[in-house]
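You will see chain A twice below: alongside chain B first, and alongside chain C after that.
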Partner chain A sequence: MKRVIGFAAVALALSCGSVQAQWSDGVIKIGVMNDMSGTYADLSGPGSVLAARMAVEDFGAEKKGMKVEILGADHQNKPDVGSNVVRTWIDVDKVDVIVDVPTSSVALAVNEIVREKNKVFLISGAAASNLTGDKCSPNTVHWTYDTWSLANGTGNAIVKTGGKNWFFLTADYAFGHALERDTAAVVEKNGGKVVGKVRHPFPGTDFSSFLLQAQASKAQIIGLANAGSDTINSIKQASEFGIVKGGQNLAALLAFITDVHALGLPTAQGLIMTEAWYWDLNDNNREFAKKFAPQNKGVHPTMVHAGVYSAVMHYLKALEALKSDADGKAVVEKMKSIPTEDKLFGKGEIRADGRHIHPMYLFEVKKPAESKGAWDYYKLRATIPANEAFRPLKDGGCPLVKS
Partner chain B sequence: MKQEKFAIAGLQTRSRSEAIGFVLMVAFVAAAPLFIYPVLMMKILCFALFACAFNLLIGYVGLLSFGHALFFGWASYVSAYAAKVWGFTPELAIIAGTLAGAGLGLVAGLVAIRRQGIYFAMITLALAQMMYFFAVQAPFTGGEDGIQAVPRGKLFGLIDLADQTAMYVTVAAIFLGGFLLISRIIHSPFGEVLKAIRENEARAVSLGYKTERYKLLAFVLSAALAGTAGATKALILQLASLTDVHWSMSGEVVLMTLVGGLGTVFGPVVGAYVIIGMQNYLAQFGQWVTVIQGVIFVVCVLLFRRGIVGELAALLRIRL
Partner chain C sequence: MIEIFGIPSQALFGQLLLGLINGSFYALLSLGLAVIFGLLNIINFTHGAQYMMGAFAAFFLLNYLGLNYWLALIVAPAIVAATGAIIERLFLRHLYHLDHLYGLLLTFGLALIIQGLFRNQFGSSGIPYPIPEALRGGQNLGFMFLPNYRAWVIVLSLTVCIATWFVIERTRLGAYLRAATENPTLVRAFGINVPRMITLTYAFGVGLAALAGVMAAPIYSVNPLMGADLIIVVFAVVVIGGMGSIMGAIVTGFMLGIVEGLTKVFFPEASNTVIFVIMVIVLLIRPAGLFGRTA
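Up next is the complex of A and B:
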């Protein structure tokens, strides 16, 4: 269960005699929990542990006399496994902060445990926007993205760049319905039109009849309101039907660069999606990717990895300012009060509901001829400014927000 | 005369070895929190009760149900919902879960016991899958997210179960109570009839037993106890999720029972301990856990077919 991935730093208590910080049990323990071997292993997995370690190194924890230890664990995308790991981490291993946790069902379970035990929870991998809505917690910061920002980014920006007519291919369960509902609302608000929708069983394998309906609808944009292997399979099969070549565009509402990598450009070309971060956007990102990829079997950093790096960095800053890691609420309070700034996400802030605010980007996957090589996959279609990228504070229904 | 004496002596060694086994088990359950993380141990106890309930059906009636996750999972949903939304106290929530298990067991049993062997297994699997998809879609189960932040509440309105020790004692009591009930059922005249049905149903019918009724009652009892286990688990982990109604959970309980020893009283307990312990301590290998489980299953079937406890009992020539 517990796997000590590495000691990031060793305390140099003797050299920093000036200020003695109060670390509970003498060490700051960061627990990175995600899917280490399944569907989400590439977009989070061991790469997130690496990102956390890089953040600790770049922060210079060792020089500042902070002893940091990083643990990693696999939750197998099961909420009961995840909650078991987190309980053991907090009760037995004295972990101070839980990081990453893709799969919303696991994140929601962890959210409650961390609140109960008064530790800190930094979410990068999970999508559910109710983590900063009705389920928001004074111990939680949601860093990278959420369903609202994806639906809004993709819906809004596509309609504004000409994609007026939409057809939805929706996974038939609560998550798919929510994604479809949110995106459709954004599309219609911006003057677009939903010409049809079809629901496929979850999890699905054969999408042909649904895709043919989508093709026959003549909609400009086919919105994929599903996730994981459903998204991959529907994109693959859409490519077999020549849907993108026929002039329609696919918009994935929840997909990552690792999915594009797995599909390959010939299949994924023309796909439109929203992400919070892309390694080839600027020099800082490229430098990070150059350092990251060789240590992660060549897999370039995803927005989830970047989010882990950035969140851990900010967490350590708050600890430095606070000189204590004992009270989770106080730490998150501090994280909210100091503005965020790091080389990957730039300047930003954490709102009262725990939502980290930063710009989002709408990308289109390149054609094979446009790509200069592996991992050169995206061209930027639009930038969604920070103040529009996330759900307005008052709409979330978070009890922490005082109106 | 001589034979009779022998039989009585056999009966005595059986009950004596079982009594010793029970004392050892109680001692282990009492001491376990000192060296095993209590939440993990509570989870093991729930699965042990679940496996014992399953063993009642396969080990003593010879009915292989492949849909026991239905009772386990739905009971956990019912108790979680009752505790969270209706504000039931823990004991009422667990009773609600048990009744849900029994009710579902009655319906599933009425349909399934009309067929034998593979058809029985397939009918139970089909019913479980139906209810799985219902759990995915129904709004009150929370779909993918499950029911979270279930309050443990106060037992009888007095004892706060948020306290780890109080919770552990409660779970241990539920487990031991369930275990004793099952062993009482097995050794009762009713249990003897069940065993007769297992050995030769046609002969039991010819002796005048209405085997359908016996089988149905055994099925309902097994489902109700599986429900108790599921309901308790929901309170311990404060979570009811799709994992518990998924068909792989039905498979896992078969595995626990087989590894521990089919048709032995203690086998399922040992099996649950081994399988859950393995899932916990090998969690770092991720999906490999399933592969390792598979290998252990194959080794078990090839080398010690009677399971851990079954082989041990055969070696010591006692019944466990």
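Up next is the complex of A and C:
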């Protein structure tokens, strides 16, 4: 069952016909593919389509004579479904750029198709750092965050405050494995030890059995290398089984503000997490959230949504400079050659391996008394400067990087 | 410490107990399915959605009417059962004389619609529901920390399962019900309102699903997709137990909970497929299921 949702296309009418010729088939088609209905739907989902649309509007594509159309589709977190959608999009619908694609297993599959078809792939939702490492592609830009940056942020902070013995609760697919691997490396580099791990099927519902195994390991820190409702249920059930009261601590290695919202502050308070973007960090972000939330059922933008906005904005800038969207590799090269700048991610750059570089932030979830209401959830603990936030270029093993 | 297959025996007891807790949800849900299939011959694919509606009903009752968990345990299933009765009157009634497949398609469609509506309204991350005050905390059993709430889940589920089995297999009312499925015309000749009895039976089965939903709300977040994740496993449980067998559904539910729990220790990656492997084996050896009667 392939559910391709034909989202209301944002057809921005073209005033001047003669400019049209520079775009392949006369229109720039952006395909936003993610989990529209499952466990990752709130943190990406329809909100990412909205973010892409806002980027196109704010860029002023219409005034600049660029006709842009946005499509949305549900990959159901399945690589085969995602691959089929992307092939149809590129071959039949003439889509020029694929955006978002959370769920690393799907993103890795799409990465290869986009490279083969020479289109552009802008990743916001997926996490596996392999996408700019051994699997890097001249057609791919990895925008928002990755497993290395999460491990570097949260893992570092916890090991340095004394959490030396770790047990991993890992989602059994590409993303979980990558996050576990990158975090274990950080832990061991800082003199910590991994005492055990268990890999749970994705998506899961009941984590009590795995949590009990984590408890028996006597590790100080239980690292949750999962995401979305898996993380929510793990944290909830850990509190039920008295794991934190028993002296062990949880590290949510990837958590989004929508997860904190679903957990509620009484359960989530005190969690430490690394994010690339938070809506209440500055005026620009607040203004974006104020515009975004009412159109997204009140759900505030996550870093994935912000990343989609920012990535699409930069893509359009590159097209404007290049005056063509036909050659995906050339477009990505252009994106790498101009510095990035927009209101949500500020100034940054895209490295040769496709990694977008910007600061990351270490947040702590507020206590219920500190919060002014729904969505006021984070306290900033530390800012990780852009040059330290991501894996050094030489360590990734990306063949595009010439040594 | 004694070790069994490299796992300390104490840890193993803990896992067995957890399996039993998950088994209580399987048992309660598959019991509702078995009642509906056994007495109405309808394969109720809406069951997962109705389980989810039970959890949401508990959430609404708490947040909009201030009714606590204990009242929700009674009121929420009643509300969802009432919607079940409406579904039976409006739709299912017209399908009894047709092939099973039509009932399956209808209820599957309804499940998709209901889940879609809830997801559209509440997103997919879920909403928190607190554990009732009286059941917070837990007991240290020596080999594991057992949250009070989970102990309550086992007790309540076992009670409801046994009571249901008793009513259907051992009382006069149950005898009427079973007779009505065998030969509705004859039973009607005795002056019993068979259509109403069937409506109530469907509503009861749906109520069981909703009850499981209320019980699940404090453990898992109240989530529009919570039923979709579970329903396929529960169907496997019913098939393994034997379609329509009440005792089969109960025993198999608890048993598979334990098997799944053990898989989570010895081969965690396979824990979501082990039930289907068992289903295949059982179907090969006993096509009617473990407790099913061959027609």
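As a working rule, the second predicted complex is superposed on the first by the 311 of 403 C-alpha atoms of A that agree within 3 Å, B and C clash if a C-alpha of one lies under 4 Å from a C-alpha of the other, contacts with A are read in each partner's own complex, and residues count from 1 in each chain.
Following the convention adopted for this analysis, a residue touches a chain if its C-beta (ideal position, glycine included) is under 8 Å from a C-beta of that chain, and two chains touch if they have at least 3 such contacts.
Keep in mind that what you see is a predicted model, and the values were worked out from it rather than measured.
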item: First, second, both or neither for A:G228, with chain B first and chain C second; value: second
item: Which superposed partner A:D91 touches (first chain B, second chain C, both, neither); value: first
item: Dominant contact partner of chain A by residue count, chain C or chain B; value: C
item: First, second, both or neither for A:D206, with chain B first and chain C second; value: second
item: Partner chain in contact with A:A128 - chain B first, chain C second, else both or neither; value: first
item: Chain B versus chain C as contact partner of A:A73, first or second or both or neither; value: first
item: First, second, both or neither for A:G38, with chain B first and chain C second; value: both
item: Contacts of A:S83 with chain B and chain C, given as first, second, both or neither; value: first
item: First (chain B), second (chain C), both or neither touched by A:A174; value: first
item: Common interface positions of chain A, toward chain B and toward chain C; value: 37-38, 41, 172
item: Touching residues (chain side chain B, partner chain A) in the complex; value: 37, 39-40, 43, 136-137, 139, 142-146, 148-149, 237-239, 241-244, 279-281, 283-289
item: Complex contacts: residues of chain C adjacent to chain A; value: 8, 11, 14-15, 18-19, 21-22, 119, 121, 123-128, 130-131, 137-138, 144-145, 147, 149-150, 219-221, 223, 225-226, 229-230, 261, 264-265, 268-273
item: In the complex with chain C, residue positions of chain A that touch it; value: 37-43, 45, 172, 198-201, 203-206, 208-210, 212-213, 215-216, 228-229, 232-233, 236-237, 240-242, 246, 258-259, 261-264, 266-267, 297, 299
item: Touching residues on chain A, where the partner in the complex is chain B; value: 1-3, 35-38, 41, 73-74, 76, 78-81, 83-85, 87-88, 91-92, 104-105, 108-109, 111-113, 128, 172-175, 202
